[in-house]
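To keep things clear, I will list the structure first and then write my remarks on it.
Letters A, B, C, D, E and F mark the chains in the order given here, with residues in each chain numbered from 1 onward.
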Amino acid sequence: MTTTCPECFETVTAPAEPVLHEILECAECRGELEVVSTAPLLVALAPEVAEDWGE
Amino acid sequence: MTTTAAVIGGSGYIGGELVRLLLGHPEIDLTTVTSARLAGRPVDTAHPNLRGRTRLTFTDPAALSGADVLFVAAPHTETMALVPRLLDRGKVLLDLSGDFRLRDPLVYREHYGVEHAAPDLLESFTPGIPELYRDRLTGADRISVPGCMATAAILAVHPLAADGLIDGEVAVDARTGSSGSGARGGPGDAHAERSGAMRVFAPLRHRHQAEITQATGHPCRMTATGVEAVRGVQVLCRARLRDGAGPREVRDAYRRAYAAEPFVRIVAQRRGTFRLPDPKILAGSNFCDVGPVVDRGDGWVTAVGALDNLVKGGAGNAVQCLNIRMGWPEEFGLGFTGLHPV
Amino acid sequence: MTTTAAVIGGSGYIGGELVRLLLGHPEIDLTTVTSARLAGRPVDTAHPNLRGRTRLTFTDPAALSGADVLFVAAPHTETMALVPRLLDRGKVLLDLSGDFRLRDPLVYREHYGVEHAAPDLLESFTPGIPELYRDRLTGADRISVPGCMATAAILAVHPLAADGLIDGEVAVDARTGSSGSGARGGPGDAHAERSGAMRVFAPLRHRHQAEITQATGHPCRMTATGVEAVRGVQVLCRARLRDGAGPREVRDAYRRAYAAEPFVRIVAQRRGTFRLPDPKILAGSNFCDVGPVVDRGDGWVTAVGALDNLVKGGAGNAVQCLNIRMGWPEEFGLGFTGLHPV
Amino acid sequence: MTTTAAVIGGSGYIGGELVRLLLGHPEIDLTTVTSARLAGRPVDTAHPNLRGRTRLTFTDPAALSGADVLFVAAPHTETMALVPRLLDRGKVLLDLSGDFRLRDPLVYREHYGVEHAAPDLLESFTPGIPELYRDRLTGADRISVPGCMATAAILAVHPLAADGLIDGEVAVDARTGSSGSGARGGPGDAHAERSGAMRVFAPLRHRHQAEITQATGHPCRMTATGVEAVRGVQVLCRARLRDGAGPREVRDAYRRAYAAEPFVRIVAQRRGTFRLPDPKILAGSNFCDVGPVVDRGDGWVTAVGALDNLVKGGAGNAVQCLNIRMGWPEEFGLGFTGLHPV
Amino acid sequence: MTTTAAVIGGSGYIGGELVRLLLGHPEIDLTTVTSARLAGRPVDTAHPNLRGRTRLTFTDPAALSGADVLFVAAPHTETMALVPRLLDRGKVLLDLSGDFRLRDPLVYREHYGVEHAAPDLLESFTPGIPELYRDRLTGADRISVPGCMATAAILAVHPLAADGLIDGEVAVDARTGSSGSGARGGPGDAHAERSGAMRVFAPLRHRHQAEITQATGHPCRMTATGVEAVRGVQVLCRARLRDGAGPREVRDAYRRAYAAEPFVRIVAQRRGTFRLPDPKILAGSNFCDVGPVVDRGDGWVTAVGALDNLVKGGAGNAVQCLNIRMGWPEEFGLGFTGLHPV
Amino acid sequence: MTTTCPECFETVTAPAEPVLHEILECAECRGELEVVSTAPLLVALAPEVAEDWGE
């Protein structure tokens, strides 16, 4: 099963039977993608862990 | 009669710098330095440069009794919960976190990702920028010291903004050393990873841009890159000059703005190795060096600013604000001029 | 049958890098390396990393006899006098100086401050940018390799420009290590002065901006700062997206432009320590890493580029161009992938 | 037919260097790289320099099936429990930890503070020092690669010891970069703490001194200091020359010992900037440079050694040992010569 | 009534540091700073950290009129010709070169390679080492400040030597930053060459060893290595304890020697990141940190010393000596405590 | 005698009797100023010694 990464628009391949709230990693941008729907397969970007410099 | 002071968050990098400066301040008696993690242990455990200079030990924050002046150097988003409980522990409170810098709680949420926990207090804080708000600081009991890169950019751009010499947006390209992220680093802060890096950690919308906009009145587009340095911030700020403004007006604006400022130097020279502001020679000092360069061909100006993020970008600036607030000479505790070479 | 090669200006930093790469090239027989200053002395006198790898000694430039391929790594403004005399000494000539990069002699004079000495030759040079001009390079006998910061910026911006995704000017903020100024430094290059510096040595109109404009078709406003590094260039290029262009179009443009490129990697990740191009991990390698970041809010794009100024920013790029010209595999001599940590 | 290889501990600094070298090795097919922490994620997550060079993902160590050659790059004191379980997973095993370097389990306990868990295996390991044990390595199925500082000191001192030119104890003063402590740093490894440091982390009895004694036959007194560098080890080894030994005997001993060695260079020059071994120009290369200096006045010798701790001090040396074991050219996979300047 | 002072050699690194310290000294009026090269130009031309702190311009050395106190910071072997002409220009003269440090002109010739030009003056100088010769300094009109590495080693070893705890030779392994070679560097001092180096520039018989022997009474064997740092010297001094001397005697000796010293700290801790002396946290400060480590097994002691070569290793030590000579508080002008992190 | 620096517009003080082509240094921007006329006193900026990095 595949879908598109909302960050970089690369094709993301999910396991055969994706589970709701499972976290996938996009191979291109390495973003963490949360499975928000399984049929159809939809993923959402998990929040980015920002670095906290220069405060 | 000396004034007592306490540093909350005293085991961190800003806390340690506050301790260093306050120990050398002729009017201050530093009585309390807090750390939960190191409670009971000597202050020089965290700050080995202070060996032989103090016998203070860390106090648990919970055990803080109070002091005339409170410096709060705790993480943002946590400080807004602390401050309400601290207000009756001291006459003057200076916060160094980001929590009380932005007047508008919506802007805070946009940049910090959480709801502000004490929005009613926001208006009661005076921005800790002596060069812009010296008068207000003389009467301020709550002072919010701006961010390190924000201070550099605000001071670099302020003369242009105040004199109405620029139009539209200011683009800020900031570079910072590793101490900017504090003493509690993650894996990316390990020496082998961070050494020699040019790490664009904020390619857009760094939080400090909201502070710059608030202080200068100009929209701001900001990037931030970690470069090889422990201390030191440098900003390059670009803006379009309005019609009629040229090199002469720009130079005049800087001279007028900073002629009497004890801690801002105009550095824009045509010869020598250090022609424009470079934080290399500012480590430990409270100077912010600023220097404008006008492109005579196309009417843009690039203003460079540099400072030590822990001093003029934090602890030193807080001490300067306090000196103003108390009516003391503004240089008290801030006499160190920086080193060369270094 | 191997191809013979000579390096003119072989005692310099670019010259040394050419020697390193050519010694490891399976099709090349490096026969001559020139230096007036060190004529007769072993090549490893200037390049101690090559100890045990070559027994070549430096040849006086005046004694150069010729070779199939000539690499010229001499100072700009001096090279334009050298090249005419070199043309009949080799079949293919690759120049690494700035003297044959700009097609228009007036633009040359504007940026180099002197009249061009061989304007008639300018049109005969093909720009040494495989990613833009691979086809032309297959037949080129005179190749002019672009400047280090220019290469980084051109490759960072090219997909946007080629697809017409941006409007107007590109602002380039470049940072560079100390090897960019070559082996003959002045007082400002001394370690005690240069170490840890953030030196805005070109606050405006750096020479490379003319190259960027020529290659991308966009006007360019460029600053350059020396930061703590020996090797390494990083550029931040900002431009406004034209209406209708967004993150998806931008990503697609980069993929299309660089999918088949052996030495350009797209680096724009959401996790990890090295999310955007950082020259730290590129020392010695021929990669140029590029990564775009789109501000979804306001429609600006920041494209980051990074490379090793002596490799993809100079000697390595020249070797890649030669490989294309000769029909050899493009990676020949360029297999080193870079180190981490370093 | 290629040989398959697996790297256990592939997410660490030594592991990453092994992956880099093995990907470039013409006889090796790297099939497995383990990490418990990053299992399933791409190998370039931990090693960004390998982007575009491999599509391998990390395997959980528990899921390791086997390979012709196993490289073990796991922490000491943990490796001795791993190895017994790994022995039947590969024909040849090379361990890079300290666990199988010392032949005597009592000496192990003295230096590592714990009882050895597999003392019976100790004798089955051949020390991975090509320059001393090349013959034994041709038939070795279990190879224990020495420590980085130990390798530098052993190679610096070996010609003196082998020729009986020195008496008594060898004093070793070692300096090391930050990658020597691996990717899992503590608070002291943070950039702001470690940058520019001269940290005497082992004022006496560094563990590697037992390895030096074992290989040279001389008692050893060793200190180790962390200095500013990511990669790189340098040792200064001092010993008293026995009567009758002087500069000529010393030079001869080094020439004899290393004339045919592909990865040891004698560097002891009287002119130039790099007169004695300096790890600065060795990053990424498999060279160990050594150079003796004799004090004609008092009959002491100082032997300097330098290498890249992750290459000749670890991963590269392991690959060299494997090349010997397999009868491949010793330089396979190790062609990179190092950079200058850098 | 203030005391006037002049700095001869004021454009150099030691000269600049003297200017910085003297400008902050409450009893001193700095009237003259000499430089032939920069005569007439502002002092901050050479020392950009002093911008805004002084309006002094450089005086040509030939035009020097005189001052109460003369600091001489000129190159060795040239200073011995200068000093005789300077003696009547000031009441107190402090020389920072090597020319008047060694009492014996034969030892001078051995280490400096030239005949001493003013041997009769040698006995008239008092060594500028407060910790050893404070009493003599109170009456001294000619003071010769020791070398930077010598000071670190002398202070590290002195308690052991004074209490007779060690036998025989002291081996000193010194590391130094790039400012130690002054502002007039050669090609080897260029950033690209010197950055990240570990350069054994004196594998034996460094000149400072004669000073160490003179001050401690022990023969000394010294090596010196340039490591990555601008400021900072660290020495590791090893010696054999005499029978009966152990950890307790050693600790006691240090305590006794330095209990009342304002600028020597004993640093030998068992926890934390900065356990032994590290010059990283001493930049700009006048501290010399010393710390002994005893090997309980074999009766050797390693004493570590660290300082800032331009401060306690030069300019700061000179000011401390003057304070003693004049009966001023010893800390005058020397209050800066050093930074952390940095 | 004084004039104005063409770079930074700060007042530049020349010696009592300035000589044609004499070089003055501006105290503010440290630019080298060549005396191009003595009555009236006029100065021009000498060319800047640029650093040559990043080629």
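Quick notes on this structure:
In this section, contacts are C-beta pairs under 8 Å (C-beta built on N, C-alpha and C of every residue); 3 or more make two chains touch, one makes a residue touch a chain.
Since we're looking at a predicted model, the values are computed, not measured.
The minimum number of touch steps separating chain B from chain D is 1. For the touching copies chain C and chain E, the fraction of interface residue numbers used by both exceeds half; the interface is of the same-residue type. On a Cα centroid basis, the chain most remote from chain D in this structure is F. Of all chains, A has its CA centroid at the greatest distance from the CA centroid of chain E.
One finds 38 Å separating the Cα centroids of chain D and chain E. Separating the centre of chain C from that of chain D, both taken as means of CA atoms, is a distance of 35 Å. Counting partners per residue, chain B has 13, 178-179, 183, 187-188, 192-193, 195-196, 201, 230, 272-274, 341-342 as the residues that reach two or more other chains.
In chain A, the positions touching at least two other chains are 25, 30.
Within the complex, the chain F residues that touch chain B are 7-10, 26, 29-32, 45, 48-49.
Contacts from chain B toward chain F in the complex involve residues 247-248, 251-252, 268-272. Listing the residues of chain A that touch chain D in their complex gives 25, 27, 30.
Every residue of chain B that touches chain C in the complex is listed here, in rising order: 171, 173, 175, 187-188, 192-193, 195-201, 203-205, 221, 223, 225, 227-229, 232, 234, 236, 238, 273-280, 293, 295, 297-298, 300, 302, 304, 306, 341-342.
By the touch criterion given at the top, residues 13, 177-179, 183, 185, 187, 189-196, 230 of chain D touch chain B in their complex.
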